[in-house]
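What follows is a single structure, and I will ask about it in a moment.
Chain naming follows the written order as A, B, C, D and E, and within any one chain the residues start at number 1.
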Amino acid sequence: MLSLIIFSPLAFALALAFGPWGGHKSARRAALVLSLAQAAFTAWVLWGGDFSAAGFQLQERLAWLPALGAGYHVGLDGISRWLVALNALLLPIAVLSSWNAVERYPRAHYALMFALQSMVYGVFLSLDMLQFYIFWEASLLPMYFLIGVWGGERRLYATVKFVLYTLAGSLLMLLALVWMAFLARTQTGHLSFDFLDWSSLAIPAGQQMWLFAAFFLAFAIKVPLFPFHTWLPDAHVEAPTAGSILLAGVLLKLGTYALMRFNLGLFPEAAHAFQKPVLIICLIGAVYGALMVLVQRDFKKMVAYSSVSHMGLCVLGLFSFTLAGEQGALLTMLNHGISTGALFLIVGMFYERTHTRDLSVYGGAVLKMPVLGLLFLPVALSSMGVPGTNGFVNEFLCLRGAFEAFPWAGAVAALTVILGAAYMLRLTQKVMYGPLGGAKMEALTDITTRERASLGVLVALIFALGIFPEGILSNTQPSVQAVLARLTPGASTPAAPAPAAGGEARP
Amino acid sequence: MIPAYGLRDLAVLGPEIACILGAALVLGLDMAFRSQSSKRLVEAAAALALGVSAALALGRLAAGPGSAFGGQVLDGAVPDVFRLGLAATGLLTLVLARREGGSQGLLHAEFYALLLFALGAMELITVSQDLMLSFVALETFSLAMYVLAGFNKAWHGNREAALKYFLLGAFAAAFFVLGMALVFGALGSVRLDAASALLSGGKLAAPREMLLDLGLSLCATALLFKVGAAPFHLWTPDVYAGSTTPVAYFLSAGAKLAGFGALLKLLGAVPGCPAPFPQILAVLAVATLLAGNLGALRQTNLKRLLAYSSVAHTGYVLVGLLGLGTAGSGAAASVLAYTLVYAVMAFVAFGLVAAAEGGLKRPLLLEDLQGMGFERPYFSLALAVAMVSMAGLPPTAGFIVKLGVFKAALDGGHTLAAVVAILNSVVSAAVYLRVLVALYMLPKSPDGAQGGARLSGTLGFAVVALALALLALGLLPGSLLALGSL
Amino acid sequence: MFGVGFFLALAFALFAVGAFGVLTRRDPLVMFMCIEMMFNSGNLALVALSRYLGLASGHALVFFVVAVAAAEVAVGLGIIIAIFRTEKDVNVDHLSELKG
Amino acid sequence: MNPLLVVLFLPLATAVFNRLFGARLGKGAAAGLACASVLVAFAFAADSVLGLAALPAASRQVLVHVYDLLDLASFRVGFDLLLDPLSGMMILVVTGIGFLIHLYAVGYMHEEDAGEYARFFAYVNFFVFSMLTLVLAANFLVIFTGWELVGVSSYLLIGFYRGKTSAADAGKKAFIVNRVGDFGFLMAIFLIWNAFGSLDFSAVLPHAAALSPGMATAVGLLLFMGAAGKSAQGPLHVWLPDAMEGPTPVSALIHAATMVTAGVFLVARCHAIFELSPLALGVVAWTGALTAFLAATVAMVQVDIKRVWAYSTVSQLGYMVLGVGVGAYTAGLFHLLTHAFFKALLFLAAGSVMHALHGELDMRRMGGLWRKMPLTCATMIVGAACLAGVPLTSGFFSKDEILLMALRGPHADFGLWLLGYLGAACTAFYSGRLIFSVFFGKPRDHHAYEHAHESPWVMGLPLVLLAVGSLAVGLLGLPGFLTHWQPFTDWLAPVFADLKAVPEASASRALVLGLMALYTGTVAVLGWIAWRLYTGEAAAHPADGEATSALHRLLWNKYFFDEAYGFVFVRALLGYSRWLWRWVDQGLVDGTVNGVAAAAQAAGDFLRGRVHNGRTRQYAAYLAAGACLLLGLALIYHR
Amino acid sequence: MGLREVLLAVFAFGALAFALAVVSTRNTVYAALEFVAHLLCLAALYCLLDAPLLGVLQVMVYAGAIMVLFLFAVMMLDIQETGRESAFQGPGQVAGALLLAALLFALLVFGADRFPAAALAPAAAPGAPGVGADNVVRVARALFERGALVFEAVGVLLLTAVVAVMVMAKRRLEN
């Protein structure tokens, strides 16, 4: 069933790319219908799995590369369930955002988006490390073309920088993967890339450090954490709206998900050893990111740096090794996807009308676009982390986790609460309020029903997750506790059942 | 007493003999029929010969390892697949030559004859256990290649390439001769199997072992030159740019297959791979990677870019060789797999270059490809797949073989070299992404070629088929990795 | 005094002189002669070593090497003449358009 | 369905409805809906408070669990509501005064078009819901939620006139300064969570003693930081005067009666923690006293009547905080109650004046308006009297009680009393100054004077009701020696039962009466001075740009707080960020990335330029060099 | 120091001297002639090293056939001897080449000289059966028995060379 989720978008992509869809309009309609069908199917499948226990559900296994010991092994657990759902959600919205923004080669554009989604599904669902790596690297190509072909002026620089930066990190991870496979061979007799086999390996502490570092570098670049973040603003500024939504909504989560699943899952001792330095990097990232937003001139760059800040907070929660922190990190992944996705959607709407991202041109947009003003507010509040919206819940939990681990870390991280409010309100006021900012503002027309639909869904989610966080938290808890149990053997939280192999479902 | 060399010995050399007889047949047919139609006939004969050679190689593979001529020739699973690869590369070169033939007068029977002679010699070198036999085979296909490089009409660059290649090739051959002399001095014979017998028994006195190492190093120099490894690779870009595209392809894919086949014999024969070589290879591998990738970084002439990329790929294969010493590292298999996949990738790339430069008087520039992405979808898609595969990104066969090569290196314990080498693939990715950038992301440039890229006929079909093969192998590499079991 | 070491040293010396010749002389013919000289140094080493080891197979090797050298000279001169027939001055460095 | 849920969620429902469909319904329906919902909420609130009163004093608490917010393995927190005498009083104030202000707003906002009208009432209803959440919270998470939502609604309402940049700036400033306070509050919540493993008041406050003195001080100070942010105390007061950009009903409801008192409410609610650390209480008291005095001095020189009342609010809040700071929680809360009434009245009256003079706020252009607007004048005089502390008015009793406690209370200090007294003197002066400048003396701007007219009944009625309320509420907390009927103290007794008995008797009757006489005298003298200064023809207002004394300039510029903050926080922070952006982000981090790329390309060019120069002999040289390398390595590595 | 050693010394140093001459003379024809002399010295050395067959082979094939080809080529290209700048080009390059050649020589000698000099004295007496009288017979057996495959391979090589040269020649005729 999961394999169907992974490969159905790929099939749709091929259908779109080479199918009979002639003009621009028919292509986008087909894309929308297909994306909604895909989302419905994924929801139906996700609904099936029961997540009371911590193990992997709906597993499917296939001997794909026996010579190298790598197989095709997919599985779903509490952690990856909601990320898959997020991925399914964002695609229709991304398609809607390119509705009339993309005239050139629409079929290829939508096909690439579907291909990207398929790769992202692959990363979230794969339990075989080589297969994970293949999907991880393959996800670069669709985004490369999306930014490269439909991007802004400096798109070439941005897209090549994006691909090479991520590639450099993940190649070192490839060596670490092969090294781990050798470890598996020495300890279990046969070369294996399977995550479940690896979790039971006893990795000597010395090697663990190196392996952790290699994995961490690859994922830190993707998250992005402080020193490795400079590709994100360029990639976002030059990406088309749909590209930005998918990049911010889903691609950044690959890094944090992988950190949680692999770095914490496989290398407990190293995680403890690296805890403080990582926390420091995250703190810098969070505060530095927020400061950067304050001085940006470009609308998208502001949102990009805010992502750096939010993601810094997320990994902070991750490395606090407390239940609150981990749950907060997982929620941040979801909520950031929704709120930043919505922000980029709005940026797209403005860009469609004014064709510029330079903030000096903007001002008083709410007078011309009251409905957008109505929907923009919850998104801004969510980004600031105001209670009642989803942003608050994950920020509260992450800060709580950090505070529980190291109060000083919690205190510094909490500074982002103030800075967050500062930059978000500055942005809101610069764009929305005040007198009309000139000819471009006069020409603004309010958002159409299509735009209202996509933004409305996200705003509804913002409030729903803000008011009922337990909906998500309750069923990610067992899996998160499993990760924590491995991480801190004598964990204060009641030791959840060891990561049982879960329902060994159909081969 | 005269050793009885019977039919059985000849059977081992079946593929080689097929090629050489094929060459003779081609020459005969050309003399018999002087008319234009003979060109097609000659080409068919060459194709037939290569087909037979490939079939015989497959037969040998099925029949399992066997030695002939008193141990001078020893084939096994890996050499046989090398021979199969070489036959296939020959066929692919024919396909390329056919497209080229019309415009650049390549249809002379001599081209096919030389090609077949060279292939015969290459197949011979991959199975020869005797240094002298290897030397003769090396010289045979080198001579053929010098002339092939300088083959066609009086386009100025072409002749310079031939001269350069000849002078440097002869210079390298001289090293081989001296190396052979030293090996003879150390072992009393130039038979590699004798070497392994002596060495494994530990009976060789220290100074003679020193002489053996020196000899082998000198021999390796010539082979490394042929393959285009780092300090010896300088001829590659000039000769590729100078010669016609099918010859350039043949030089890169064929020479690599033959060179590494011989190197495997040379280094593999000596048990435990004599002390100096892993370290030497590590230095050479990294140097080759750097030279190839960095050279290609800002290259605009497509053929020169492919030349530098060929050097870079030699570097990756050398990384695979690092695992030669340790058992079970599958180094030989990874080298074999990489060179085969390279042959396919190179064919797609060179084929598309050949198609694109059809009408141009000047060498094909990256600029000419601008804006072709959506106008010539299938052409661009094939080139894109080739480029992604060469960069070694996952969904393609390039990634699988690169993984195999790095696995071998890591298994051999060369972690540092592996790390430096894998970082190099970032540079190589940058190189190939530039091509994709030109194809898809840049508008048609005013002084670029006006869309000469016509994918038609057998070349078009072969290119697209092999591009799909690259993708298929990437997703379902079962067959590719079956080689791993060798 | 005239052991095989001496002859090996002589062979190496000739080899080095040949290499020096190839690197410095610009006239292709002389370069080619130097390459042939390197071949001959290899032959000398072979002869000396076979004399030391008392084996005749060394001489067979020399025979083959000479045959190969002959073939190479034929092709080499063919190429050189084909190229330098039209050129006024016979200089390898003038042929360096292919670069970069 | 517990009535409390209706109280809380009805305003929210109407807020959402108005915001989405209000514009289409038309002004009448939208306003009607909004006022009705607050009225019904007030009715239900009164009903539940009466229900509460029926309970025996000891167990006068009603806990309502709505749903689970967070359920981590060892820690559970839900969206729980707590009704106890303290929150009971507050919900009555919020819904009661809220309703009156809604009624007033119907008239005041009349000129706005339907969309804006509906939007205003939606925001105001949302504010009522947020304030009720804050007040009814049963654990720290819900109170923090209410805290922030109140901040959001104040941001929306201050910045209501979206076209005006100054309004948007004021809203932004208010929210950010509140957020600074919230940062402290959040830290306190986390410390509490660390210490107690739970956030419910029932679990934390009764066992507050478990906190070590150091921790108690830390939590106390951080809680007070949150309170200071919300109640515009100490350094965090800068946002309140600018909040006057919002419509006047907003100023009345939020920046006078309800929201700003949240800080005092919080300190009262967490008195158990504050009691543990005298240092924290001391800081609270002194901040309150200093704010009271300094704000009062600034109010004396302002010319915009709404700004005068704004600074007066900051000053009165200072008194409440002073009261709470010296341990007299009941006195502080009583002043909160009375202040809610008369300050709402003063703001609404000011609004009525502004409405009449078509937006004119500068008192220097007013005068003699009592003939034109008798009702507004009368009610404003009542309000001003309460504010100034004219004897027998509610303000007099509540402020007097606080000053008494400052002298004799559990944590009394003469300095505190002195600051309080001087503040009270200034208060008397500026309220007199305003009343006489606006209503008495000669009309200074005849044109405006001609057009002035009395406000319609819908604005007048709330004024009257509030005036009556202001006077009546004073009776609830008469001084001890006058009567033993202390309904207010008795009502709040269960909440502060755990406090040591307030040594009521320590203040002798003579002292109390003496103090009363002193205050009455001060009010009379200063009232007279104000009357002399400001009813004459040449009112003593310095014209703009006229050279004024250094002290006047200091007060006029509000002690240069805004300029200081502007420089330290805004410019310095932005400057540093810009430096960071240019040098660290572009320079260092991006620099290295691009540097590596450039180095690779340079190496490529060098390779292609120098090494591959086409000369065969050079290639042969490299070949020979390679051979030497191989031989050398063979020799080095040889076994 | 018998006659043999004297001859050995003469021819050895003769070979070296002529080699150096080839490298340094400017005139190509002189270089060719010096090279022939060098080959003859080598042939003499072969004979002295009990390899008479090779000596004769050297004279006939190498000195005779190959060098004639060279002279023929020199004549074909009618190289103008005058106006030729010095054989070498620029001191820097020469120094570099010299250094490289010296390094090559040193490495080889250092590697090989570990051979015990003494042991290298011709162990077998001049009349040792391995070499002496039946040299031709032993070489023939090495050539045609054990080296039969190599012999055939050389045949193929020569055929390829013929085709290659014919191509180069034919092409030249066409343009």
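In this section, contacts are C-beta pairs under 8 Å (C-beta built on N, C-alpha and C of every residue); 3 or more make two chains touch, one makes a residue touch a chain.
As the structure is a computational prediction, the values presented were derived from the model and not from experiment.
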Chains in simultaneous contact with subunit D and subunit E: B, C
Fewest hops from subunit A to subunit D - one hop per pair of touching chains: 1
Chain occupying the most central position, where position means C-alpha average: A
From subunit D, the most remote chain by mean C-alpha position: E
B-E against B-C, pair bridged by the larger set of C-beta contacts: B-C
Length of the line joining the C-alpha centres of subunit B and subunit C, rounded to whole Å: 26
Rounded Å distance, subunit C centre to subunit D centre (Cα mean): 97
Separation of mean Cα positions, subunit B and subunit A [Å, integer]: 43
Geometric centre distance via CA averages, subunit D-subunit B, whole Å: 79
Subunit B, residues touching no fewer than two other chains: 132, 136, 139, 143, 146-147, 150, 163-164, 167, 171, 175, 178, 182, 210, 213-214, 237-238, 430
Per-residue multi-chain contacts in subunit C, two or more chains: 4, 8, 15, 18-19, 22-24, 26, 31-32, 43, 50, 52, 55, 57, 64, 68, 71-72, 75, 78-80, 82, 92-93, 95-100
Junction residues of subunit A, two or more chains touched: 164
Touching chain combinations (by label order): A-B, A-D, B-C, B-D, B-E, C-D, C-E, D-E
Partner subunit B, residues of subunit E touching it in the complex: 108, 111-112, 114-116, 145-150, 153-154, 156-157, 159-161, 163-164, 166-168, 170-171, 175
Of subunit B, residues touching subunit A in the complex: 330, 373-374, 388, 393-395, 399, 403-404, 406-407, 410-411, 415, 418-419, 422-423, 425-426, 429-430, 433-434, 436-437, 440-442, 476-478, 481-482, 484-485
Parts of subunit B lying in touch with subunit D, wherever the complex brings them together: 163-164, 167-168, 171-172, 175, 209-210, 213-214, 217-218, 220-221, 224-225, 230-232, 234-235, 237-238, 275-276, 279-280, 283, 290-291, 294-299, 427, 430
Parts of subunit D lying in touch with subunit C, wherever the complex brings them together: 608-609, 612-617, 620-621, 624
Subunit D-facing residues of subunit E, complex: 93, 96-97, 100-101, 103-104, 107-108, 110-111
